[in-house]
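Below is a structure I'd like to ask you about.
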Amino acid sequence: MFFASDNGGPTHPNVMEALRVANEGYAMAYGADPIMEQVRDDIRRIFEAPAAAVYLIINGTAANSVLLATMAQPWQTIFCSDCAHIHEDECNAPEFYTQAKLTLVQTENGKMSADALHAKITAEENRGVHGPQRGPLSLTQATEKGTLYDVDEINALTAVARGFGLKTHMDGARFANALVALDCAPAEMTWQAGIDTLSFGATKNGAMGVEACVIFDPDLAWEFELRRKRGGHLLSKHRYLSAQMQAYLADGLWLDMARAANARCAQLADGLSGHNAVHVLFDPQANIIFFQMPRAEHQRMLSGGAVYYVMDGDASEGDPDEMLTGRLVTDWSVTKDRVGGFLNLLRG
Amino acid sequence: MFFASDNGGPTHPNVMEALRVANEGYAMAYGADPIMEQVRDDIRRIFEAPAAAVYLIINGTAANSVLLATMAQPWQTIFCSDCAHIHEDECNAPEFYTQAKLTLVQTENGKMSADALHAKITAEENRGVHGPQRGPLSLTQATEKGTLYDVDEINALTAVARGFGLKTHMDGARFANALVALDCAPAEMTWQAGIDTLSFGATKNGAMGVEACVIFDPDLAWEFELRRKRGGHLLSKHRYLSAQMQAYLADGLWLDMARAANARCAQLADGLSGHNAVHVLFDPQANIIFFQMPRAEHQRMLSGGAVYYVMDGDASEGDPDEMLTGRLVTDWSVTKDRVGGFLNLLRG
Amino acid sequence: MFFASDNGGPTHPNVMEALRVANEGYAMAYGADPIMEQVRDDIRRIFEAPAAAVYLIINGTAANSVLLATMAQPWQTIFCSDCAHIHEDECNAPEFYTQAKLTLVQTENGKMSADALHAKITAEENRGVHGPQRGPLSLTQATEKGTLYDVDEINALTAVARGFGLKTHMDGARFANALVALDCAPAEMTWQAGIDTLSFGATKNGAMGVEACVIFDPDLAWEFELRRKRGGHLLSKHRYLSAQMQAYLADGLWLDMARAANARCAQLADGLSGHNAVHVLFDPQANIIFFQMPRAEHQRMLSGGAVYYVMDGDASEGDPDEMLTGRLVTDWSVTKDRVGGFLNLLRG
Amino acid sequence: MFFASDNGGPTHPNVMEALRVANEGYAMAYGADPIMEQVRDDIRRIFEAPAAAVYLIINGTAANSVLLATMAQPWQTIFCSDCAHIHEDECNAPEFYTQAKLTLVQTENGKMSADALHAKITAEENRGVHGPQRGPLSLTQATEKGTLYDVDEINALTAVARGFGLKTHMDGARFANALVALDCAPAEMTWQAGIDTLSFGATKNGAMGVEACVIFDPDLAWEFELRRKRGGHLLSKHRYLSAQMQAYLADGLWLDMARAANARCAQLADGLSGHNAVHVLFDPQANIIFFQMPRAEHQRMLSGGAVYYVMDGDASEGDPDEMLTGRLVTDWSVTKDRVGGFLNLLRG
């Protein structure tokens, strides 16, 4: 009953098969492989962005850091949410690549509001060279709390940024989960809503390890290539990144996998909401649930075979009645039965 | 007739099979997968270094940069050869990660001598805080020119470094090719010869994309882990790195592949040496040959289906008699027939 | 009626005279001048810290940044107040030098509490390599709001830091103003209270441009020297820094100047508190006052010849009744008459 | 008999007097002082560059590093001479500020030739993202060996750089010494000869500690200001930098001081050349002489009261006949008598 993370599950068989097929004969290295041509075309078509620059990179931290480094100057501050992955979970990688700092915008339900963003940008008032200068905005979609910005909310946030002349990056490690939940087009959720660059995740959604960096303003492309290489993130045997992404996009596999993950999450949320001892936090719209439950219950679940993280304490020691927060994440491979087993165990 | 690079060939079927097997069920992320445990044990055993810290990373640039960053301080200079990959081919990645600078030691036959190294270290004389401070030595084995340091030469170079209190890194992107050519034990060529850290390459020798970082002084391990993460180089779905390395090491596959690559290179060198118009540069001991030949001959070979790089000019335009340098690289997958075909074409 | 800043006033005549005297003949460069020997001895004596390493540097931003860089690692976060100069007024210099990030601890009255600090350090929970690692604490004394930590408060804060194995830096740009207000010994306010390194300001208190960096743990000294040079902050004609600091310390001049500045500030605060339209913010204990007053009153003062900053708006345009925040700063050169003139003008 | 360095001598009395005068009353901080206005006008007039951006900074390392950081990208390499101060004497400060690397061009007589420069730039061939990208050229005038590029040579070097689209920085720590020796106009030696930015030294030529950064392309001005602040190099009590530079430029004082220093150097060179045991290296054209002499002679001079550096060995221990290199530097304050005394002592 594994719900620890969407990076713990297997790679989808189609992706594995694409790797096998790509492993024939010789291919030019460093992104000059023919599969990458196709991936570039696919992403431009899917995003209705024929001029976008498209690159592949191994993981979300790298995607976020290299993209932000092409957007931010070392004397600027990047505006992001107070629970942003780039702030909390990347061991200063964004600061390393950008040399900039982060200004945290407070969130509710995992999301910053346009007003909160406006207030933070305004507070970094213009004091000549003394303070950090205003830099880009970074939004996470789906958020780290499993919630979503709807398209209007994204538009409102990027409008605030643009009002100050600032560009916007989207951390889309769970982009597909958000997209299918909102049932909108990729373009609507990105460049049409004011997004300038996108970390387009695949790893958490069935790939082996690949993310696309989509740069809607191709003027930044060459700098991205240099920064990617300088970060050690240009793969020689690049065809294996290309092949993963090709299979991921083919025939809507990425959307099917995201729908499956979201459906299992909804099934979980439904089951949890009917349980007295459980309090679901935030509003699970994608494939993550945070929930509170007494320690004793966590202990019972974990020793019963459920695998998930308890975020704010040790489940095995302490007051059995203390409420602790658990996190459940689903990926494409989670079955209805696994969810059912979890909920049965919970019911006791 | 592909001889462009050892990163253009296919992944060995055993590695592909290991990926398939690893793709069962759920695995803890970020290096906590059980296969990594085995890889760590394997490498410690192979290197007779039971306390070594062992990590996996996606490519050689990252391996070199993160390892050197754990060894060098930002106010130091790293001593390396004037044709070192870290100097010429990594777009300032080592400088980015270390914040240090590089001091180039001149080479003959792709190799620095102990005397040349001593002279360069001495020249960075102690002038208090004014000059860069002396930092670690980095050696490439096999060298970028396809030559080898024998064990005595490595010992002599690391002895010079130690005489100044400096540590030594080995860039082993083609470690296996060197090892089988020298017919020595991994320990002899590394820690017993004064090497402190090793970039242990697999990508160029039949893996899909993985290198091991072997740190013989485990005190540096935790800093390495932090720097790897901060560089965006810790993979979430780490089991797929582990599986590659496991298969690479199993039953001496890595040695077999290196022997095959070296044998094809020797076959090529043998054929080239009998050809009037060809002048073989350096002394090919591993899997790379540099050779000079008139432009017209390069043109004939390339249009005849040979695939390789001409390093110092355009083969298709210019004086047909001008001597240009070609580079041939073999990997495990090159067949005798392919080499035969190349040599036949050369004979005309 | 200049109250804009304590960096706008003249250098004390004793300091000017010391520069004149130092300008005789030849002196070894880069800190090897004999006056520096004396300064080092003076500071060690004054701080009762015979082993402390002592260096001079041109300003507070450089002092803070280079000191913090010797204390923090690039993968750490530095804990500081949400109004800290290192966060708000140094254009990312601390991030540039340390490569670390800052975690902001909320303040009341310009000060963080031990509880607030504890909560922030705890929140940077140990999640392996994923989050930033906990780094040093930086305290400002006197604070940016003109308030003071008493010795017990400093002890409480450094005790929290030490409980997590963290060191503490003190930004003492207005150290003298704090010291005379608390009427304690330099040692009591620093190393005896758990401070590891100190930016010991002189520029704002009558010098021309010099701060001492006092490192109570001399193991960090050599790294400091290298980082200072690498930042371009080692002066060749160092004797002119030494001479300033020598005169600053001689015969308690630094304390006299701080007492004078504080006394004028108290005189101002006294006058302001008796004025209906004025609301004094925080609790002015050193040489800075923040106060609120209607825009029309600010306008009247500024056009009447008072010189000071209005922090949160334009005094010359807008609703005349809106309350705006002014900041008054006194230095050693402010006379009773100037304060009297200001208060008379205020009374109208 | 002090000839150790031109940073060991006293500040000119006119500069001291200007500091005294500037110390009246209050002045706006951070470069907004009225004297800076005048300095900016003076430098624009002297350089016949009415649009140039002009800033002051405390020393040459900072001037070079911040200027180069506005010109170079982190993935580039800066071309400089193999004896450049930015390479040898700044403890990686240029690398710290620029994040770029340095490519060393070999020199004769302290100078690179246009051919040597061309060869090095060409050698950094275009290999896509793999190698460092070509960055700016940095020239030192007068050179670190006391020699000069004439105007034609500067033009030839900048023409090479421009041919590759590269800009040129001039490290003019001894700009005045070069200018009076060449007897040309400042514009001729700089922007008319293709120089884009200039570190315009004053410290070594009679100031207390100030250099101007002259940016002939004002588009770089704002980035310079941000980088200066971020490096901790913006002085609050800026008027004292302004005052030094004002006095330095007034009535051609800077030229008079350089002429005096050069004349004493010529007097020394003349005396040395008549001495059997002495071999003068390079061709002293400004205010520095390198010369070889047996160790025993150095020993005799140093114990007789001469103060200068022996660059390549210990004068007090070793073979008395071994030739060692001494360096003599003159500044404005050196008298004919002091030179006479030195030469008399040498004659024995």
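As written, the chain order gives the labels A, B, C and D, with residue 1 at the start of each chain.
Basically, a contact is a pair of C-beta atoms (placed from the backbone, for glycine too) under 8 Å apart; a residue touches a chain by one contact, two chains touch by 3 or more.
A quick note: this is a predicted structure, and the numbers were derived from the prediction, not measured.
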| item | value |
| --- | --- |
| Farthest chain (mean CA position) relative to subunit A | D |
| Interface copy of B-D among A-B, A-C or A-D, judged by whether over half of the contact pairs recur | A-C |
| Distance between the centres, which are taken as Cα means, of subunit C and subunit B, whole angstrom | 51 |
| Centre-to-centre distance between subunit C and subunit A (centres being mean Cα positions), rounded to whole Å | 42 |
| Whole-Å separation of chain centres (CA-atom averages), subunit C against subunit D | 34 |
| Multi-chain contact residues (two or more partners), subunit A | 74-75, 90-92, 96, 129-130, 133, 226, 229-230, 234 |
| Residues of subunit B touching subunit A in the complex | 2, 4-5, 7-11, 16, 19-20, 23-29, 58-59, 61-62, 65-66, 90-93, 96-97, 203-204, 208-209, 226, 229-237, 240, 307 |
| Contacting residues of subunit C [partner subunit A, same complex] | 74-77, 88-92, 95-96, 99-102, 127, 129-133 |
| Residue ranges of subunit D touching subunit A (in the complex, touch as defined) | 30, 73-75, 128-130, 133, 225-230, 234 |
